[in-house]
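The structure under discussion appears below in the form of structure tokens.
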Amino acid sequence: MRELGIGLIGTGFMGRAHALAFNNAKAVFDLPFNLTLAALADADPQRALQCASSWGFETVHSDWQQLIDDPKVHLVAITTPNHLHYPMAMAALAAGKAVYCEKPLAVSLEQAEQMRQAAKAAGVVTRVGYNYQHNPIIHLAREMIQRGELGRIISFQGEFSEDFMADPTSPWSWRCEAAHAGGALADLGSHLLAMARYLLGDVEAVCADSQTVHNQRPASTGNPEQRTIAVDDQVHALLRFSSGARGTVSSSWLKHGRKNHLGFEISGTLGTLIFDQERLNELQVSRVGQAGFQRLLAGPDLPGYAAFSPAAGHQLGYNELKTLEVQELIMTLADQGGSGTDFEEAWEVERLAAAIRLSAREQRWVQVCGL
Amino acid sequence: MRELGIGLIGTGFMGRAHALAFNNAKAVFDLPFNLTLAALADADPQRALQCASSWGFETVHSDWQQLIDDPKVHLVAITTPNHLHYPMAMAALAAGKAVYCEKPLAVSLEQAEQMRQAAKAAGVVTRVGYNYQHNPIIHLAREMIQRGELGRIISFQGEFSEDFMADPTSPWSWRCEAAHAGGALADLGSHLLAMARYLLGDVEAVCADSQTVHNQRPASTGNPEQRTIAVDDQVHALLRFSSGARGTVSSSWLKHGRKNHLGFEISGTLGTLIFDQERLNELQVSRVGQAGFQRLLAGPDLPGYAAFSPAAGHQLGYNELKTLEVQELIMTLADQGGSGTDFEEAWEVERLAAAIRLSAREQRWVQVCGL
Amino acid sequence: MRELGIGLIGTGFMGRAHALAFNNAKAVFDLPFNLTLAALADADPQRALQCASSWGFETVHSDWQQLIDDPKVHLVAITTPNHLHYPMAMAALAAGKAVYCEKPLAVSLEQAEQMRQAAKAAGVVTRVGYNYQHNPIIHLAREMIQRGELGRIISFQGEFSEDFMADPTSPWSWRCEAAHAGGALADLGSHLLAMARYLLGDVEAVCADSQTVHNQRPASTGNPEQRTIAVDDQVHALLRFSSGARGTVSSSWLKHGRKNHLGFEISGTLGTLIFDQERLNELQVSRVGQAGFQRLLAGPDLPGYAAFSPAAGHQLGYNELKTLEVQELIMTLADQGGSGTDFEEAWEVERLAAAIRLSAREQRWVQVCGL
Amino acid sequence: MRELGIGLIGTGFMGRAHALAFNNAKAVFDLPFNLTLAALADADPQRALQCASSWGFETVHSDWQQLIDDPKVHLVAITTPNHLHYPMAMAALAAGKAVYCEKPLAVSLEQAEQMRQAAKAAGVVTRVGYNYQHNPIIHLAREMIQRGELGRIISFQGEFSEDFMADPTSPWSWRCEAAHAGGALADLGSHLLAMARYLLGDVEAVCADSQTVHNQRPASTGNPEQRTIAVDDQVHALLRFSSGARGTVSSSWLKHGRKNHLGFEISGTLGTLIFDQERLNELQVSRVGQAGFQRLLAGPDLPGYAAFSPAAGHQLGYNELKTLEVQELIMTLADQGGSGTDFEEAWEVERLAAAIRLSAREQRWVQVCGL
């Protein structure tokens, strides 16, 4: 069996999530590779060593370029701050390595465009971590749509709201800088846009409105110095899909009571679907002639679910979506199918977000394909 | 005590709803008038007599002008098809009578404008039946907003969806004609626009997208002849409120599983409110620092509720919202307060809908006050 | 058409609810009688006059016996405090009048037994106000059960909880006296027992446990004097139905957050039903092979609902259940069907409650039919 | 740092769940041991090798006694069929090893009693896998109760229902044999009893009713031969807690639509809690004076949650409850706290279940401590 050596850059929350996911994919699935956690990179060598020991990595590097160059590394996983995605992914592609990069692909559409071109030129497998798509019940939703169970899809109403910036004294962070892909649209909304595309395909045109509600925040917690904030706190947009469906998307990080509300409602000529990431194991469905919605609970009839539990109602969590993402990536690496967002598709998400930003700035409809 | 004679035009579902509401208001509230159901008009004299007997009206007229001229009638209630609102209301105003007209005010903005001017000139009390506003829990929502309990309001996301036209073989009806104020926006959406204005005030600008999904329908049930449909099946719009709040509204009569889903979510800097007309006795609230939403059940601490039940959880229904509308109208007639939508405000709702239609047609932002 | 003169005793909340229901039944249904609100009785003649005027009664009596004797009264409706049900109903039966008595039938099983015998002897129509049964969606639940859609019923788990006595400083009232049919079981639980019998039939045996949690309460609001309380604050019981189904019932008036939670869950070999009076227009259903519950919203396909609204999702309220109760009573009076709890059935409810009390006292299973 | 060698017996779903949990605990927590997956035992040596490779175990044994005797094994984890818990745990205790046994402790109260005595004599740490207790939101519920936030607890109403045996043609399995701890009470209800004890403490007396609804099932899928079934399909019981609280528990594996409905409602003099394992990241709370329930979503303010996710709403799943169980067990092994069900407590659960069975058989109240 072929070797697949994983090289992971970054040891924050998301680095650990990747480490867990690779370990668990190995334990849970019959993988078409001999998977090894080959190398871990962190600028702090002490931290790298400690995490490598806890997470099961064989070697550490304090220089990420060395990890990329390490011959035992076949897949480079990037979990560093957003502005580092570009140099690291470009270096990995230059080295001919497969790349698994956290979302967003990049901090500007220009970078994203270069990364997409480089990926195409390198001819390697790429993947961006839009993990919410790997939920078995989202796969089910997509299949229902593609099999025509909901008829012709006529509308998508989506929202991704949280409240972690709702307090105006929550301090400035990198998330407040456009140059780091900050703002509600980039940070949260991109997940929603990726989901909308995953389920309904291309978006042709958008018209958006966005707002910075709190345009000053403390430079740090309790700091009397204020920094000016220019990124969006909330955005609302109209969407026209190429399929003819219409819809709205909204994103906010100021919405009290919402914690991870990536929700959508899809209306077709034969039925309606409702989903909310805060209850990720459930899908509400109404079909022709039904007087209300039925709550479907995820169970082992859904392939990804069965890998984790033999019985419905036992609940997958956030980390299992990540494991499923990793499994699908590995299947793609083995040329055995596997779905997920590659650099081409992630660029499409970035382009759609850019169109929304342009539309909001110029207060007019914008054709997405013109960008 | 002064006499208040009610003259009701129309004996359909909505006519009966008015009759029930006047009778129940009399039984439930201490009214500042001696209320009498003075006269009922229907073109069919037999039906008029029969309904008058069941509903407690003293006289009948088969000619609505006679009802308006009847000296025992002080308030003219209009529940006829939409295109008759204009001539009847204009005649009643000309006769110096107070007018209580079902929504929509009129079938064109031009008519609405004339009615508003005529009402102003007549100096009488007018009211349009946006009954969902008279829900005690909606009053509570409005008070919470006005008292600043939710902080500065930053977004309104509203939807009014039903599924009664979802079946493409549902036949043509007057609801499919723009000239009768048909289409999802006029028929359903206007309730939502009225609600948005009731809660958040003026809307400055809109950008909308609308769609006729089924552009042919049978001329009547089972009829092979098809009629072309031009009105909207669904509409989505962005809103900019004068207060600075932003938002979206959607309306559809094709949404399977939705029966009376007049829902909204209001986000403020200190809290969030969620409401759904399908559960009209409940309000979901989240405030600063709460890890989720609290479900408030209407109870006798809300004035309108207390009139009907001494205990929470006993549920008001649709007809009681109508009774509360009537009671508020009567208080206004007695110059003792009472809220509700007068012709001026109903014209604002029509103007907002017209702006949405224009925006959808021209695919651009439209300033509402320019219309 | 025959005359049906209503004589109503009592002008409290429940008296008004009856008045509304008779008026609305007249307006909403084609009744087989010429219905008149013939007479209203209240010990306070001023109040009687005032209510009669608001509610549309033709005459008043300050002596209830006179109302019973009034030849214009054919049906005597009793809405006075519980301990007066017995003398009033017995007098009405002695006069050969039909009787519509609020729940509970009586304040002791002995009284209930006499009332049942007297009703039998008089051969008149009797009815007790278990209004929650007259919900169209409850009728649907019963039909689903009787048509076998849920298969063989194997369990009933019911609860009626509120929180209006949860505050230990809520003062003593008649509800705290067994001699006035006080206590959580008699006040709330009896509705649940009536519902269980309505849906599943006879109960063979019970085993119960009950508790007085707050055994002292202020004699009146803010009064330092304490009164000893002996009635149950909460009760839990096991039930064995004659059909073979088993189950539990619980009742409490101390349950914070519950306002009118008359809820049940019925399990059959082919499906499960869930209902909660706090959302009285909904029924949750799961059938063989479904991965979760479907929410059914009441709509005009349910006969009682269609009388009030032409569209689903418009919501019936508490008062409409009362109107439906009155309509069914009137159909029974006309010998045209109509369901509801007569004195015989109400006695069964009382006997079941008595068995629960005995079982709780003696901490053993009790056969219901032995009492 | 001390070594902690894990020896795992069993490679089924639960064996894998343990393997995942040990691996993830190592990655997620700072553990006070150098944790190694020392040995895996399965009667099939091929399967043992394959699983050991996927799951990261160092050695395999095809004889479980050898695993127990392996000096590298300090903790023996038992995930074999129920009737093997007794011999394996007794052997491990005899060898002075710590034991982590899946629920139920044993297949008879006699075995359980011996295991409890042996554990006491051995003086080692023992743990039984009642994993649902390790949910951070359940910890929160317990703390709320213990801090008195709900006042004096007066009732517990619990249910554990699924539908995996609802189909009468679901074949016989070991779950249908009392000798293998089969039946709804032992299989599902024991989780509920453990939860009730975890939250409210000792139960003094019970009165129960149980039923075998389908007393024949096919010997295997599609097999025309029928086997007689004697275990309970559903059970309902009244509970009297030593604290004075009262309640009910129900368990069924025939309830259509219920997938993992371990639910409870706890009522105290100052508030009410509602929980459902099908939405394991949520708790509904109502406190004095609130007009309804608040939905709390688990978040990083709860210690166990923070280990997995930095943000609320990201959802823990079933497998993470197992990881938390393992982490708490390891803390106990290090004498650093850690909660969980030891053999003494698991015996209490078995005794309570035995009391319920006796009560159902003899149709009378049974004192638990007499058994």
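For reference, chains read A, B, C and D in written order, and residue numbers begin at 1 within each chain.
Criterion: a contact is a pair of C-beta atoms (placed from the backbone, for glycine too) under 8 Å apart; a residue touches a chain by one contact, two chains touch by 3 or more.
Here's who's who by UniProt: A, B, C, D = Gfo/Idh/MocA-like oxidoreductase N-terminal domain-containing protein.
Keep in mind it's a predicted model, so treat the numbers as computed, not measured.
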- Query: Quick one: which chains contact chain C and chain D both?
  - Reply: A, B
- Note on the structure: With centres defined as the mean of Cα atoms, the chain at greatest distance from chain D is chain B
- Task: Between chain A and chain B, tell me the centre distance in angstrom, where each centre is the average of that chain's C-alpha atoms.
- Result: 42
- Approximately how many whole Å separate the CA-defined centres of chain A and chain C? 55
- Task: Could you grab the centroid distance between chain B and chain C? Build each centroid from C-alpha atoms only and quote it in angstrom.
- Result: 35
- Item | Multi-chain contact sites of chain C, meaning residues that touch two or more partners | 258-259, 290-293, 297, 299, 312
- Item | In the complex with chain C, residue positions of chain D that touch it | 152, 154-155, 157, 159, 161, 166-168, 207-209, 211, 213, 233-234, 236-238, 240, 246-248, 250, 252, 254-259, 267-272, 284-288, 290-293, 363-365
- Note on the structure: Listed in rising order, the residues of chain D that touch chain A in the complex are 13, 16, 19-20, 23-24, 26-28, 54-56, 162, 164, 258-261, 277-280, 297, 299, 308-320
- Query: Tell me, which parts of chain A touch chain C in their complex?
  - Reply: 282, 290-297, 299, 301, 312
